[in-house]
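Paired with chain B in one complex and with chain C in the other, chain A is shared by the two complexes that follow.
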Partner chain A sequence: MSRFLAQKIAQYMLVIFITITINFFLPRLMPGNPLIFLAGEDVAFLTEAEKASILENYGLDKPLGEQYTIYLKNIVTGDFGYSYQKKMPIADIIKDRLPWTLLLTGSALLLSSLLGVIFGAAAAWRRGTKTDAALLIKFMFFNSMPSFWVGMILVALFGATLRWFPIFGAQKAWMPLSGWPYYADILHHLVLPLTTLVLISIPSTFMIMRYSMLNVLGEDYILMAKAKGLRENAIKYRYAVRNALLPVVTIFMLQLGYMFSGATVIETVFAYPGLGRLMFEAVVGRDYPVLQASFLIITVTVVLGNLLADLLYPLVDPKVRR
Partner chain B sequence: MSLLQVKGLTTSFHTKEGTVKAVEKVSFSLEKGEMLGLIGESGCGKSTLGLSLLRLIEEPGEIAAGEVTINGVDVIKLNPEAMRKVRWNTISLIPQSAMSALNPTAPIGKQILEAIELHKPRIKRDDAVKKVKELLEWVGIDGGRWLHYPHEFSGGMKQRVAIAMALACDPEIVISDESTTGLDVLTQAQVIHLIKRLQKELGLSIIVISHDLAMVTAICDRIAVMYAGHLVEIGPTRKILDNPLHPYTQGLLASNICLDSSGTCSSIPGSVPRLIDAPPGCHFHPRCERGKDICKASLPPLKSLAAADHQVACFAYKEGF
Partner chain C sequence: MTRWSEFWKIFKEKKLGIIGIIILSCFVILAVFAPLLAPYDPSVRVAAPFLAPSARHLLGTNDIGNDILSELIFGTRISLLIGVIAAFLSISIGLLIGLIAGYYGGIIDSVLMRIVDLILVIPFLPLMIVLAAYLGPSFWNIIIVISILSWVRPARVIRSQVLTLKTKAFVESARSLGATTRRILFTHIMPGVIPLALAQFVLASSYAILVEASLSFLGLGDPFQKSWGTILYYAQARGAFLTSSWIWWILPPGFLTTLLVLGFTFTGYSLEEILNPRLRRR
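For the complex of A and B:
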């Protein structure tokens, strides 16, 4: 087991190393002068001496090999560079944004997976009935809606018209709170973006769970469970749901990695201060160092998510245990 | 009184094309300690009959008519909760394919244990586990492996686990549904030997459902032949082999290849009808060499001829045929 573990971790470390290397070379392969990326359109007004000083400042006058070593060293020490647009170290910006993104995407992933599994199992168990058809139609509907549109409808209805929930931000910026009111305020701000994200994420889990459960219900061991005289609930949960969960768990694990990249569209619609919105702002403001750092975080966390999936999957599927 | 008495059992499936009677007006009995072989081609209703005895027919199917009396109780009339208690306690099943009949995410021992604890709620955990290990040892599997998962066993071992599972609650009747299909010849022999031991050592009554004529005739006391949902002939194995009466049974026996015989092998022309458009009268008449007008008009009843224990459903044994 420990040898298997070491092997797996080594494999994934190699993948991460390659990712970092590509992330280093990609912007350097782009056509044009790096000064445009670093100084923006102001570059036209700079003197040669100023240009040289900027390049030196960023270490871009050094040979490529040395730049690469410095880049690796910076990443290991948590230095992702400096945001040209926000005039702040990128590591600090990410430290600010990450908790909000994890709060939003993490709770959305948990909720949508849980609800998708419950509804998917219920629909499959009542295959062909009105309940099944109603659930299927409902989730197909949400599946075909663009996420920003669902978000805007919720904003218009519950935010602007009914005024039940705030429509932007993650907390009241103008009013420092503490204790319970502080958490209540955060939850209050979370409701609309979270609902939107859950609504558009349930359908995929629902579909997979329903299909998987339908397959399992046709298996011989379900018939055997009935022949043994087991009660309906035991057959449903211990046999059907337990086995139908396997593909859902795989999908869940893979999505874990994507949690860190945030939900760009939803965060933008609700002006939620997460990593997704940071990326949107970086694109609009041509803040290349921030984009580069974001790409790095996304790829590394997706790879780590896969590693986690590899390590945890044996817990649910005895067939892949060693 | 017989241990199991089946009277006029009819199982229908309501499909979009119409109602199909997969089992129609089947009557037979099973004595204590007896082994009955149920043979016939694929799709003739053998497995449906087996599942009907356990009342495991699912939508769109239903048991449309008949009685299944076990120890004097008609189980068709029992409410679902009472029927649940009959299952495994009185009548258990060795499934068609043990490869897929075991839950892949639960250890084999726990699947046996859950049946024991379900039907004997007062049993202590230690005693139940001891019983699980004994059952596994009885079928030739190391009891220490009771917490292993199905995928850690070979096909033949899984089939033996399924047999151990069928014995969990000391049932009186065991239905073996094609339980040697898909196994290699040597493993088949082991499983057949084991099923025979259920009868000899434990005194169980067993219904062996199979299309393997040689196997069934080798181990069963009596044989019942099914064709297109009907029971066409039933009698002691010796009598069926020496003196098959129904033209279908005769064809079935003639098509059985024997290595030591002259090498002749015949087959029955035609194939089993789709039950949705089964021919009227005797379902076998389109393939029967002796068919007459009466065979097309009405269904022959199952009747005793010379011996009371040998019955056949064929008009050929009617006076003036």
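For the complex of A and C:
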């Protein structure tokens, strides 16, 4: 393993450690009874036995250092505590929700990167023309729209008014399907949230691809290719786009953090049962432990995505390959 | 490329900047003169709830009978103020960290930049949601939550500018003449950084406005000082997208947000183009 990779892994471990530490200290530093922040606002409805079990679980009567050890041990063993509001272990809730968020963000990441690259390359190839300016302004506009607002408009138009797509959820819960209808149903529910997330995510890839392609087009080897009399398409795809892709690959996975931020609000609009929607439910219900666990899982996912990008990068960039 | 096309390019970008400035001025006027321009007090129940647009209420009324148009006009104040104050705070922190890291270099620099790298990996919005949920919904809490995380990108940009300025002859000569660190930083390096910080401030404002809208939409905004995001939160909670009321209840606040953000983006983009010669050449 290279030194670079080892450094990266150390950095990522630190990020997760910091996240866990933030999660540990927030409820304990807030004024008032930490029990409220650990069990959620329903603390008044808990029985004495339940309160005692929370105290015992989190070791609240022990010194802070010991509490922290208990906290770390619980997290490492996959015990995120209990949601008194949903009456379920938090780990089980997360297990239900995570796949939906991964489906939404993963497909949006692929689609928006692809479209961003295509439009970015097209704009840079026609730099200074009306097409370039029009694309640039169009994507600046997309970049300025609140993501949830785009979602709300799509729901109102294509969901409630035209009834082309369902307005909430990820599948028809009351109609157990299997085989093709099952996947078609999931896809049908995915269209609107996915479109929203893709629309607001294209601009960043577009900007980077356009800028990178402009740089590449100024290189001598492009001039050389033109001088050799190569066909325009050969220059465009084999020389320019291929080299301009590198920075896009670098940010491909870094986009993941941005994607999760977008998904959080978009899932809320569509009542899509992912981690983002879960965070919203937790905010509304003051269910702090669920809020923290979702945040931790999102961070871990983003970190893993970054690590994946670091591992794959040498495959794409021959200059880094040894 | 010919000079003509280059000239056209810079001109076009400046035109974009001018459009941006015009948009921003309109919003500032709207915010300052809100009490004069709004037909009603947005916090008072002035008619029956859920009214469709009419001559008396151009954009209808909301779920508790507030005039939506007045809500929007007063919401300009909240959205604009939160965005600008949060951006100002982030840039101030970013400027300080960038100056220190860039000027001192060595261990201080690498520690600070490591911290920046760490923060950049954490997904911002989920962390902001957690922080805002603990702090509780209020005007200032939203600002704190946004600026506590948004200083990192500006800090990086400003640091690299300081690194270049540091090696310039006028800084070297000031140092050899025995100028104090403080003097070098504030009279020699600062002026070179301020224009860049301004461009970063404008871009940070557009970011902060969008984040504020998202947080408010999730119910973390101050319910007594409604921003455009808070208006959309209530519209969503009352299912406005299920009826035709989305046209006057959902479209306008989001459109205003987009326009305001676009104003900042256009202005910031042009500023960057003019300030960054590397961008200008191409």
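Just so it is clear, the second predicted complex is superposed on the first by the 268 of 322 C-alpha atoms of A that agree within 3 Å, B and C clash if a C-alpha of one lies under 4 Å from a C-alpha of the other, contacts with A are read in each partner's own complex, and residues count from 1 in each chain.
Note that in this section contacts are C-beta pairs under 8 Å (C-beta built on N, C-alpha and C of every residue); 3 or more make two chains touch, one makes a residue touch a chain.
Keep in mind that this is a model prediction, so the values were computed, not measured.
In the superposed pair of complexes, A:30 makes contact with chain C only, with no contact to chain B.
Of the two partner chains placed by superposition, A:102 touches none, neither chain B nor chain C.
Of the two partner chains placed by the overlay, only chain B lies in contact with A:319; chain C stays clear of it.
Using the contact criterion defined above for the overlaid structures, shared-chain residue A:186 touches neither chain B nor chain C, since it reaches no partner. Which of chain B and chain C touches more residues of chain A is settled by the count: it is C.
Looking at the shared chain after the overlay, A:225 reaches chain B, while chain C stays out of its contact range. Residues of chain A that lie in the contact sets of both chain B and chain C are absent, per the superposition on chain A. Per the touch definition, chain A reaches chain C in the complex via residues 11-12, 14-15, 18-19, 22-23, 26-27, 30, 37, 127-128, 133, 137, 140-141, 143-150, 152-153, 155-156, 159-160, 167, 214-215, 218, 257-258, 260-261, 264-265, 268-269, 279-280, 282-284, 286, 288, 291-292, 294-295, 298-299, 302-303, 306.
If you check the complex, the residues on chain B that touch chain A are 54, 56, 84-89, 92-93, 95-97, 100-106, 114-115, 118-119, 149, 151, 165.
Chain C makes touch with chain A in their complex at residues 1, 5, 8-9, 12, 16, 114, 117-118, 121-127, 129-131, 133-134, 206, 210, 213-214, 217-220, 229, 232, 235-236, 240-243, 246, 250-251, 253-254, 257-259, 261-262, 265-266, 269, 282. For chain A in complex with chain B, the residues that touch the partner chain are 219-221, 223-231, 234, 238-239, 242-243, 246, 316-319.
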